[in-house]
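Note that subunit A is present in both complexes that follow, paired respectively with subunit B and with subunit C.
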Partner chain A sequence: MTAVLGVSAYSHEAAAALVVDGVVVAAIAEERLSRVKNDASLPVRAMRACLALGEIAAGDLDEIVFFEDPFRKLEHVLVRAIGGFPRTGTLFARSLASQLGEKIWVLDALAAALEVPRGRVTFGSHHQSHAASAFFTSGEARAAILTVDGVGEDVCTAIWLGEGTSLRCLAEQRHPCSLGLLYAAFTAHAGFAINEGEQKLMGLAAYGTPRFRDELSRVAWLESGALVLDGDVFDHFRDPDRAFGPRFEARFGPARRANERLRVGEPGFARFADLAATIQAFTEDTMMAFAREAKARTGADVLCLAGGVALNAVANARLGAIFERVFVHPAAGDAGAALGAALFRCPPKQPQAAFSATLGRRADETTAWDLARALGLEVSRTDDAALAIARALEHGELVAVVDGRSEWGPRALGHRSLLAPAGPVSVRERLHRAVKEREPFRPFAPAAGASVAAARFDGVSPSLARFMTGVARARDPHDPALGAVVHVDGTARLQLVEDDASLLARVLALVPGGVVLNTSLNAAGEPLCESALDAIAFFQDRPIDALVIGDVIVRRPGAVS
Partner chain B sequence: MLGHTTLTRLWAPWRVRRGPRAVGKMLAAFALVEEGSARTMRWAAEACPDQQGKILYLRHASDERRHAAMFVKRAAELDVAVSLTEADAVDLYGDLGEIGFLAFVTLAEARGLAEFRAYERAVQRVGDSRSAAVFAALYADEARHERYAWERLVALVGSARRARLHVLGAALGETRRALRRQGAALGDALYRLTMGLLYWLVVPLCAWLLRRARGAPKLGWEPPP
Partner chain C sequence: MKQLVRLSRRLRAHLTTLGAIFSHFSSTERAFLLPLLVVLLLAGLLLLLSTGVGYVTPFVYTAF
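What follows is the complex of A and B.
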């Protein structure tokens, strides 16, 4: 038996993943357990949880693999800080403190945390870990792989060829020509936090037109299938949290402050929507160019994607024009690289057809029952949870669902989900304003089975829709059955539910229209719920109607079911 | 405890007199503290083995999160944005055990209540009645938190006298932590000064040598090294 624990940390999403003999046993992001959104700290809780799920002691691990090369990273940070003089004054002190203070010692910290010999702790490289996460979970025997993110060590984009159990890097683009950092600059300029607000910018883009294309083409362009950026405009050197400089603002207008209102129809909305549409269109074109390059270099029919930019579902959906199939790892960001690091050392011997994203912990129903009763909530048991949920949805209720092991990655796939009827627009408003407290311009996603998806949507890619990593287009954007789940541009980030035995599939079989709104079980700025306690706390604090944990149904006292 | 609260009473009027934005920044800082406390309480709820403790800590966490949201909203009205993801938290339950944790909660809630009263009076005096109302809205919760923590502490240690000793121990521990924080802040300032000198005195030459050695940056696709 070969057991390998992969770890990502000190980036923006720490996680751990356990692979035994090429089989993924467990994978959890630290934020789910620490309850700190985008927790980047050493994932001690996640590592312990993975070992507990695999019933393996730390001492029995053959290897613990860190997802990137901390020494190459330090070298790159130093070179960047020195080479960027005199613009790097703030960055110099800050990044050296973080590199020398903790990052360079990460291998020792891992050995100490797990109480294993230091020699058992090794490291991979950032993009190799991303590439492995995408290819070895895709179920493909041969594929081109694109890894696209901000920057890992010093590489921003890489093209790989995956064959059997091997991965080979064919070409890479180095810092500062980074599509991820370019998108981050526009995200920060629109007043959203980098590594968190990119999805908001993508949602905002649907309201605008790309009228800044000419302006953008003077500072970012494609050359022989590669991206080129004018470094003076993007200020990653000065402040990585801001990522744009005064020249950027001179060209695209003043930035929005984080607390400035951004509402459809109000002053300022149109400019930021147009800027979002501009960078979104450019991102899609750039991803197409990268994909063409990958196709030309590999001749593969299948494309696997990972890296933060691979969470851009709208761009992913266009890549089907170049490849027969496109697969995106469900945890495409740095959390997923923990799994990739482990899989690279211990790849599956055969391509595994059905990668399951339910790799987290199970919620304890007994705890849920006891806690809910002690809190004075109304608790009951059901012998048909799907029927109970479907009935509640028919009555227009919002139902929190905790089913089995939690999902790996940022999307709720029915295991830590908040379900609602997909039709009424009023449901969307209630969710936005009272439960999720997020920007009203952001869309919600539908979940549907294969036949309903085919009947109501065009351009459904099963390989993307399985993990909600692509978008489909509603056949009728004004379909009353989809009023709460179709975005203003007629698209939806559809989840295709293929496992007929799953709770969500059984709910879909019972609800009228066969489609529900499925959003993550969390509020703004919070990680997805993981445990029964998280779900009960969420239910207690938010105006949702029912919580279903396994066969336990929780309602407020006096609520009519 | 007394010293800290007295300092707050003296400091509060000066802090809020610098204008609405200064008040907004102060409220934003309180929001982060409350959010940090919410996380600490959630961890305690997760770790606590008995049901009653879980419930108490869970409710406390819920209150702290609500307080944080109230501070965020008022800070935003005063034109100060704050992201609660930046909040810092310590797993005090894990570090101190339940008795030490409860002693700390008792102490912190009493101190929080005294400080909020001082700030309420200070913002009221500068005519900011809405911020004052935010502080006033928290008193009942803070008092309840102090009460439950004290009662549970007494129940766990067996007598009020022993509980008071634990609270005194928590006060000493808090003083030690405060000194460590100040030491860290001083160390940080020295580090920044040293790195600033290094940056402006040594890095220019290194940068020049580096640019000569590397030449123009390479663009486009490159083979892996």
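What follows is the complex of A and C.
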């Protein structure tokens, strides 16, 4: 038996993943357990949870693999500091303090945390870990792989060829010409936090037109399939949290402060929507150029994608024009690289056809029952949870669902989900304003089975829709059954539910229209709920109607079910 | 005793990492970074000693 633990940390998403003999046993992001959104600290809780799920002692691990090369990263920081001096002055001190104070010793910290010999702790490389996460979970024997990120060590984009159990890097693009950092600059300029607000910018883009395209083409352009950026306009050297400089503002207008209102129809909204549409269109075109390059270099029919930019569902959906099948790892960001690091060391012997994203912990129903009773909530058991949920949805209720093991990656796929009827627009507004407290311009996603998806949507890619990593277009944008889940441009980030035995599939079979609104079980700025305790805390805090954990149904006292 | 074993294990781990750092930076194309790195590591060590080990603090002043 070969057991390998992959770890990502000190980036923006820490995570751990356990692979035994090429089979993924467990994978959890640290934020789910620490309850700190985008927790980047050493994932001690996640590592222990993975070992517990695999029933393996730390001493029995053959290898613990860190997802990137800490020494190459330090080299990149030093080279960047010297090359960009004096602009890099303040950033240099900060970066070096964190590199030499903590990050460079990460392998020692891992050995100490797990109490294993230091010799068992090794490292991979950032993009190699991303590539492995996408290819070895795709179920393909041969594929082109594209890893598109902000920056990992000193690489921003890479093209790989995956064959059997091997990965070969064919081309790399180095810092600072990064599509991820370019998107991050526009995200920060629109007043959203980098590594968190990119999805908001993507949602905002649907309201605008790309009228800044000419302006953008003067500072970012494609040359022989590679991206080139005008370094003077961006400010990654000085402030990675801001990423854009004064010349960026001179060209695209003043930035929005994070606390400034951004509402449809209000002053300023149109400019930021147009800027979002501009960078979104540029991102899609650049991804198409990268994909064409990958196709030319590999001749493969399948494309596997990973890296932060691979979370851009709208861009992913366009890549189907170049490849027969496009697969995006469900945790395409740095958390997913933990799994990739482990899979690279211990790849599956045969391509695994159906990768399951339910790799987290199971919520304890007994705890849920006891806790809800202690809190004076109304608790009951059901022998048909799907029927109970479907009936509640028919009555227009919002139902939190905790079913089995939690999902790997940022999308709720029916295991830590908040379900609602997909038709009424009022449901969307209630969710936006009262439950999720997020920007009203952001869309919610539908979940549907294969036949309903085919009947109501065009351009459904099963491999993308399975993990909500692509978008489909509603056949009728004004379909009353999809009022709460179709975005202003007629698209939806559809989840295709293929496992007929799953709770969500059984709910879909019972609800009228066969489609529900499925959003993640968390509020703004919080990680997804993991345990029964998290779910009950969410239920107590937010105006939702029912919580279903396994066969336990929780309601407020006096509520009529 | 257990603490001593843990401390010695941690020290050995740090020495392994230091070895890996120097091995990484000693290749021809990266050697120009080595002096800068040594100075930074020594400064870091000095800072660590001055804040972490009380009885070393008075001697740090004399170093400057």
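Note that the second predicted complex is superposed on the first by the 561 of 561 C-alpha atoms of A that agree within 3 Å, B and C clash if a C-alpha of one lies under 4 Å from a C-alpha of the other, contacts with A are read in each partner's own complex, and residues count from 1 in each chain.
The criterion applied here is as follows: a residue touches a chain if its C-beta (ideal position, glycine included) is under 8 Å from a C-beta of that chain, and two chains touch if they have at least 3 such contacts.
Here the structure is a predicted model, which is why all the values come from computation and not from measurement.
Student: Using the superposition on subunit A, decide if subunit B and subunit C clash or fit.
Tutor: Aligned on subunit A, subunit C fits beside subunit B.
Student: Between subunit B (first) and subunit C (second), which does A:288 come into contact with in this model arrangement: first, second, both, or neither?
Tutor: Neither: A:288 stays clear of subunit B and subunit C.
Student: In the three-chain superposition, say which chain, subunit B or subunit C, touches more residues of subunit A.
Tutor: Looking at subunit A, the partner in contact with more of its residues is B.
Student: Given the touch rule stated above, what does A:509 touch, subunit B (first), subunit C (second), both, or neither?
Tutor: neither
Student: With both complexes superposed on chain A, which partner does A:118 reach: first (subunit B), second (subunit C), both or neither?
Tutor: second
Student: Could you tell me if A:96 is touching subunit B, subunit C, both of them or neither one (first, second, both, neither)?
Tutor: Once the two structures are laid over each other on A, A:96 reaches both partners.
Student: Using the touch definition from the top, say if A:450 reaches subunit B (first), subunit C (second), both or neither.
Tutor: A:450: touches no partner chain.
Student: Regarding the shared-chain residue A:322, is it in contact with subunit B (first), subunit C (second), both, or neither?
Tutor: neither
Student: After superposition on the shared chain, which partner residues are touched by A:40: those of subunit B (first), subunit C (second), both, or neither?
Tutor: Touch status of A:40: no partner.
Student: Applying the touch criterion given at the start, work out whether A:79 contacts subunit B, subunit C, both or neither, answering first, second, both or neither.
Tutor: In the superposed model, A:79 contacts both subunit B and subunit C.
Student: For A:259 in the superposed arrangement: first (subunit B), second (subunit C), both or neither?
Tutor: A:259 contacts subunit B only, not subunit C.
Student: Please give the least Cα distance, whole angstrom, that subunit B and subunit C reach in the superposed model.
Tutor: 7
Student: Find the residues of subunit A that appear in the contact set with subunit B and again in the contact set with subunit C.
Tutor: Residues 79, 82, 96, which sit in both footprints.
Student: Under the definition above, what is the set of subunit A residues touching subunit B in their complex?
Tutor: 34-38, 79, 81-86, 88-89, 92-93, 96-97, 158-159, 169-174, 176-177, 193, 196, 223-226, 228, 257-259, 293, 370-371, 374-375, 525, 531, 533, 536-537, 540-541
Student: Which of the residues in subunit C end up touching subunit A in this complex?
Tutor: Answer in residue numbers: 6, 9-10, 12-14, 16-17, 20-21, 24-25, 30, 33, 36-37, 40-41, 44.
Student: Give the list of subunit B residues in touch with subunit A in this complex.
Tutor: Its residues touching subunit A are 39, 42-43, 45-46, 51-52, 54-55, 58-59, 61-62, 65-66, 76, 79-81, 83-85, 89, 191-192, 195-196, 199-200, 203-204, 206-207, 210-211, 214, 217-224.
Student: Which of the residues in subunit A come into contact with subunit C in the complex?
Tutor: 71-72, 74-75, 78-79, 82, 96, 100-101, 104-105, 107-108, 111-112, 118-119
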